[in-house]
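A single structure is presented below for examination.
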Amino acid sequence: MRNDQRDYNELRPVNITPDYIKHPEGSVLIEFGDTKVICNASIEDRVPPFMRGQGKGWITAEYAMLPRATEQRNIRESSKGKVSGRTMEIQRLIGRALRSVVDLNQIGERTVWVDCDVIQADGGTRTASITGAFVAVVLAFNKLLHKKMIKKMPVTDFMAAISVGISPDGTELLDLNYQEDSVATVDMNVVMTGAGEFIEIQGTGEEATFSGNQLQTMLGLAGEGMQELNSIQKTVLGDMTNRIGETRKTEEDSP
Amino acid sequence: MRNDQRDYNELRPVNITPDYIKHPEGSVLIEFGDTKVICNASIEDRVPPFMRGQGKGWITAEYAMLPRATEQRNIRESSKGKVSGRTMEIQRLIGRALRSVVDLNQIGERTVWVDCDVIQADGGTRTASITGAFVAVVLAFNKLLHKKMIKKMPVTDFMAAISVGISPDGTELLDLNYQEDSVATVDMNVVMTGAGEFIEIQGTGEEATFSGNQLQTMLGLAGEGMQELNSIQKTVLGDMTNRIGETRKTEEDSP
Amino acid sequence: MRNDQRDYNELRPVNITPDYIKHPEGSVLIEFGDTKVICNASIEDRVPPFMRGQGKGWITAEYAMLPRATEQRNIRESSKGKVSGRTMEIQRLIGRALRSVVDLNQIGERTVWVDCDVIQADGGTRTASITGAFVAVVLAFNKLLHKKMIKKMPVTDFMAAISVGISPDGTELLDLNYQEDSVATVDMNVVMTGAGEFIEIQGTGEEATFSGNQLQTMLGLAGEGMQELNSIQKTVLGDMTNRIGETRKTEEDSP
Amino acid sequence: MRNDQRDYNELRPVNITPDYIKHPEGSVLIEFGDTKVICNASIEDRVPPFMRGQGKGWITAEYAMLPRATEQRNIRESSKGKVSGRTMEIQRLIGRALRSVVDLNQIGERTVWVDCDVIQADGGTRTASITGAFVAVVLAFNKLLHKKMIKKMPVTDFMAAISVGISPDGTELLDLNYQEDSVATVDMNVVMTGAGEFIEIQGTGEEATFSGNQLQTMLGLAGEGMQELNSIQKTVLGDMTNRIGETRKTEEDSP
Amino acid sequence: MRNDQRDYNELRPVNITPDYIKHPEGSVLIEFGDTKVICNASIEDRVPPFMRGQGKGWITAEYAMLPRATEQRNIRESSKGKVSGRTMEIQRLIGRALRSVVDLNQIGERTVWVDCDVIQADGGTRTASITGAFVAVVLAFNKLLHKKMIKKMPVTDFMAAISVGISPDGTELLDLNYQEDSVATVDMNVVMTGAGEFIEIQGTGEEATFSGNQLQTMLGLAGEGMQELNSIQKTVLGDMTNRIGETRKTEEDSP
Amino acid sequence: MRNDQRDYNELRPVNITPDYIKHPEGSVLIEFGDTKVICNASIEDRVPPFMRGQGKGWITAEYAMLPRATEQRNIRESSKGKVSGRTMEIQRLIGRALRSVVDLNQIGERTVWVDCDVIQADGGTRTASITGAFVAVVLAFNKLLHKKMIKKMPVTDFMAAISVGISPDGTELLDLNYQEDSVATVDMNVVMTGAGEFIEIQGTGEEATFSGNQLQTMLGLAGEGMQELNSIQKTVLGDMTNRIGETRKTEEDSP
């Protein structure tokens, strides 16, 4: 039994509130248990210099935590004057994950800025960010569709992320909360498509190593969690669900 | 009639949700109409170097906006690597305002960090921040009182802030929203105590100047708004209200 | 009696030396007692990006102190690699004050850079800077007039700044020197036009609050000081005095 | 057949030159084909603040490229004034990998700084860095052993890293060179112990996703490559090989 | 004949105003023609970390220009957030020059901060800075002598600096003004002691090279100029002159 | 006899390995005894903004050390976020030296970036960098000649640099190693042309001064060393040697 009464293969309660902030083209508040992240998607009518003139778009992400999202207050990165390595890793991961299910050719020379701001943290902030960001981006594209600025929903498949890990007693766990994460011997984040393909696997054992069998067990748990997350995303997106996949990812789509 | 149907001397709906984030010692979400700010107060058990060894505490504030709190997305200050002049002005103002109603001698060598993070902006973010920060700080001190870490509520009086200004047609207005603020010829922020004394007045006319009479009218409006804000703060603070003022501000209190 | 024998409503000796540095279009050394500031106005033939294509100009200010302008040596801001919040507040204030009395439509797509460098500090550096900067800017515009680069003196009225405050014994004082400023319970800076209208009021009580009556007394003192400063500015500007106000500030003038 | 005549499961020629630079405690030049990295390990007699007083050590890594290690010259990170997200990711990865096979309790309050400087790049710079850094660290510990500053070789097992990926035609490949890497649809870096356990898996598909079967094939290739790398490391380390593993990684070892 | 009517071996008018700013322990305004530099020497009662515990002092220098000291306005280094290479070169040069004639053992664990701020530039700002800084430092030490904080004047000899160069027509010139400097083919700065020994020679030909004979001619001119500068320094220092050299530079004096 | 058995006027063994790194247009490894520097010359097809539209080129240099090039590990400048004054001085010196023997008119609007990266340091890193950079630049221009992108070898003469100094016992020494350099009372770097003219002289005595006679002796030693260096450069350059000087430096060549 886990510290919050969950079974080893059980997600925390997941809640997604759409249209949470009024200004962004797409906005959600996503909650994985006590982890709460505001995901805002903004559309900008130009692309970064390295993409110009190719007739296609770009998606980039930024991630931050409020200083007191955590048990101990963190120094604000704007005060430190630089972004930490951890933050950079996470924002690069969010961006890659989103780009992998969007046909950038369909969106014209536009940039989608995705801001994931953690207002309360209890483990899994990066997986909640990715899962929520997916919904925010679909909402933003839906707005472009209604304004007839794009012709098709450019999203090729559902996408979500979840953490798995190994507890000190050797049990593989799904969706670690902060207390579990801080004692886990192995920590893995998995990003998958609705079709069950992998987009990203990042597994790390700093104190311990893991075998091929343990890897398989963890990937199995991740697969189960992913199906639940996709189903929650579908409920929130309602009618938009049917438009996901109307574009197929093509090979020329890569930057 | 104003663009949101208010009378010239009418506040927007003000809402304060206490205990909004779970980790901080004091936390509120404050809403002035569509302006929404998370105010978190954190207690740190030491003071900055310039205050050490004096047996008294310090209060400091930080202020930020989510990139898409505004109509147009702003570049994140952590990405720019520096904090703007506007942000610095606001956080210095919030800190001064709070210190003016707290007897720093009562709190020991502790720092209160107040983080005001605007998640949605529609004008008046600095006045909402100050008004909400006051409540967050009282909540945090209340926690210290319960843990018997301090003996008396160190807050000497109520305190809140409100904006006033002059519209292009010459009308003095209370609590400007973003649209009003962007066309106002004079913009003034007033911070006052529950007793009706001034803590800070910052009035600016970039496009226009203002007369002594206009100044008086604006200060009158501010005084009215302040009473309403104090009354809302009291409702939220409930029993804690009676402890405000049990400490009197003394002259030796200044840093 | 004050520590330098002045009466409560008496300015320190004010001295303005025009054409102090040879390169700038406008340059003065201004002295408020022992406070000495070099104010240089430079004309650049372009405006910042956010102003381009509007056919009007911009005025911006920078403020700094020599490291040993003060009793204790300050670390140079270029060595620290960042500008302090105090410096930013002051330079934003100087810029706003100047823009409020200049018709930016008259100066074409030019930027006036005003550099206020304090070489010796004894309180009131920001008010001396504003008062001297006004003269430097008029000198610079006069040079443009002589070169027929502009047609009218674009300055709509005289403008100066002065500090007022309240001493620990409760006396309202005009033009505080450093020793007075460091013990004052209330500190206020007032920027006014030659016509006696307010441009900016910034009053702060960190250790104390102030009543409406005290505010009125301070504003009265400021008004008296302002007249003396205007009269000194007129003496320095000589013939140029008559051209001030030949342009009237129009509403479209704002950025 | 690959662009450099290798089979799909074939490493490039790997060469490790020990004692390459004279000052560091441990130093190697490692070559994976045309990729050349200088790996220097330096011992410092103190640990970072967050580790002090625990009686154990720390290992940290830094990674950089000479500006012209690549086909196009890169701007030097010292000139840009900040380290890129990619660099941070790599140096964090190198540090974690090394710490996973070192018993930090054995080395006392010392920090091992590992500097991986790429002097020529042709793909696989992070895997070459990790593989070379392992050898440099063993050399450095060997020096401490000779000076009797530590009692046992604190390294618990061999460790190396290799890249695998999927080519545009769907073939899984071992040890991608730059040309292969730039067109690969999936890119994965695998860090493993001599015993065949995983330390880190980072697999990414930006343009494509990958199935569970493809993952297994790639992990199989990585396992083969790892054995070859371990064997090359053993040849270079000679007698030191026998001391690897004389310390067993214990659970209390984690930071 | 030179553009300002001087002979090839003639200094510009040199003027040194002692006690120019009131706060610093030593302060002068030095003028080399139209080049004007405020040199302030501040005494701090501690040394930088690398000097602690040795019972001796340190001298360091900072150099800056007001933005409009020059014909074209320069961006303030505090705004750029970094100090230019040119500035760093100059401040390192000033510091070395001063340290070469001060017996650091005589001043205890104190730091002398020398600030050279160019308020108007017309060539030779670094040589004027060094020459003026020497006087400011002697004034500061004199104050320490009077307060009996040191026993002997720790200055071992006079010291000054002057520029020499070669004009486009091949003439060697002493003390180049800005116009001469900007067309000179060779530019050399020479720092010498009162006894005629060299402290520093920095000669550069970017567009041209120079022969051994030309070098000798330039060094001869520098020697002549140096004597005049020493004589002006002596006049300003008056009675203090006799105390220069009462300490002899010893070998253990170096850091 | 010196600590490495050399005579006072003897260079350390000098070795230059051409084409050391494969990507740059010109690349050498240069060794002055145990000092080893990789010098890479890169050609970029544009010039910096201040040079545009003049139809001529630019040469700029960057210099860095690997953190453990030295006995004690240095903090990486990219981690510190800024380049030290020493580094800036050296890279400005390398750039000036190279520009003094290249006719920038011959190379079109191109920039030559020269990167000098010290992989092992034992004194004389700046002189080794200049001497090696000269060869790397000639190799790069030779590549442009072969591609017919330029018509003539734009290098007007040979160029090299060497250090001289005075040991604590008063002996003038050629080519100081680190141990000698750290105790020398005078340190001088000399850059000369193949024709024996001076390009740059930088002589510094921090602990001591030096006389005109000592200066002559040091310059004599430098001249001898320079001839040997030129002869080694010629051997490495082979046939390219004859093309050096086919362009004569013209006066209009300067930036």
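So that you can tell them apart, the chains are marked A, B, C, D, E and F in the order they are listed, and the count of residues begins at 1 in each.
What we mean here is this: contacts are C-beta pairs under 8 Å (C-beta built on N, C-alpha and C of every residue); 3 or more make two chains touch, one makes a residue touch a chain.
Molecules present, by chain and UniProt name: A, B, C, D, E, F = Ribonuclease PH.
Being a predicted model, the structure only gives us computed values, none of them experimental.
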Along the shortest chain of touching chains, how many steps lie between chain D (Ribonuclease PH) and chain F (Ribonuclease PH)? 1
When the contact pairs of B-C are compared by residue number, which of A-D, D-F or A-B has over half in common? A-D
Among the chains, which has its CA centre at the largest distance from chain B (Ribonuclease PH)'s? F
Chain centres from averaged Cα atoms put chain A (Ribonuclease PH) and chain C (Ribonuclease PH) apart, in whole Å, by 51
From the C-alpha centre of chain B (Ribonuclease PH) to that of chain F (Ribonuclease PH), how far is it in Å? 60
Multi-chain contact sites of chain F (Ribonuclease PH), meaning residues that touch two or more partners: 81-82
Can I get the ring sequence of chains, opening with chain E (Ribonuclease PH) and turning toward chain F (Ribonuclease PH)? E, F, D, A, B, C
Touch list for chain D (Ribonuclease PH) against partner chain F (Ribonuclease PH), complex: 21-24, 27, 34, 38, 40, 42, 44, 62, 64, 66-71, 73, 76-83, 87, 113, 115, 117, 119-120
Inside the complex, what are the residues of chain F (Ribonuclease PH) that reach chain E (Ribonuclease PH)? 82, 85, 88-89, 91-92, 96, 99-100, 168, 188, 193, 195, 197-212, 215, 219, 249, 251, 253-255
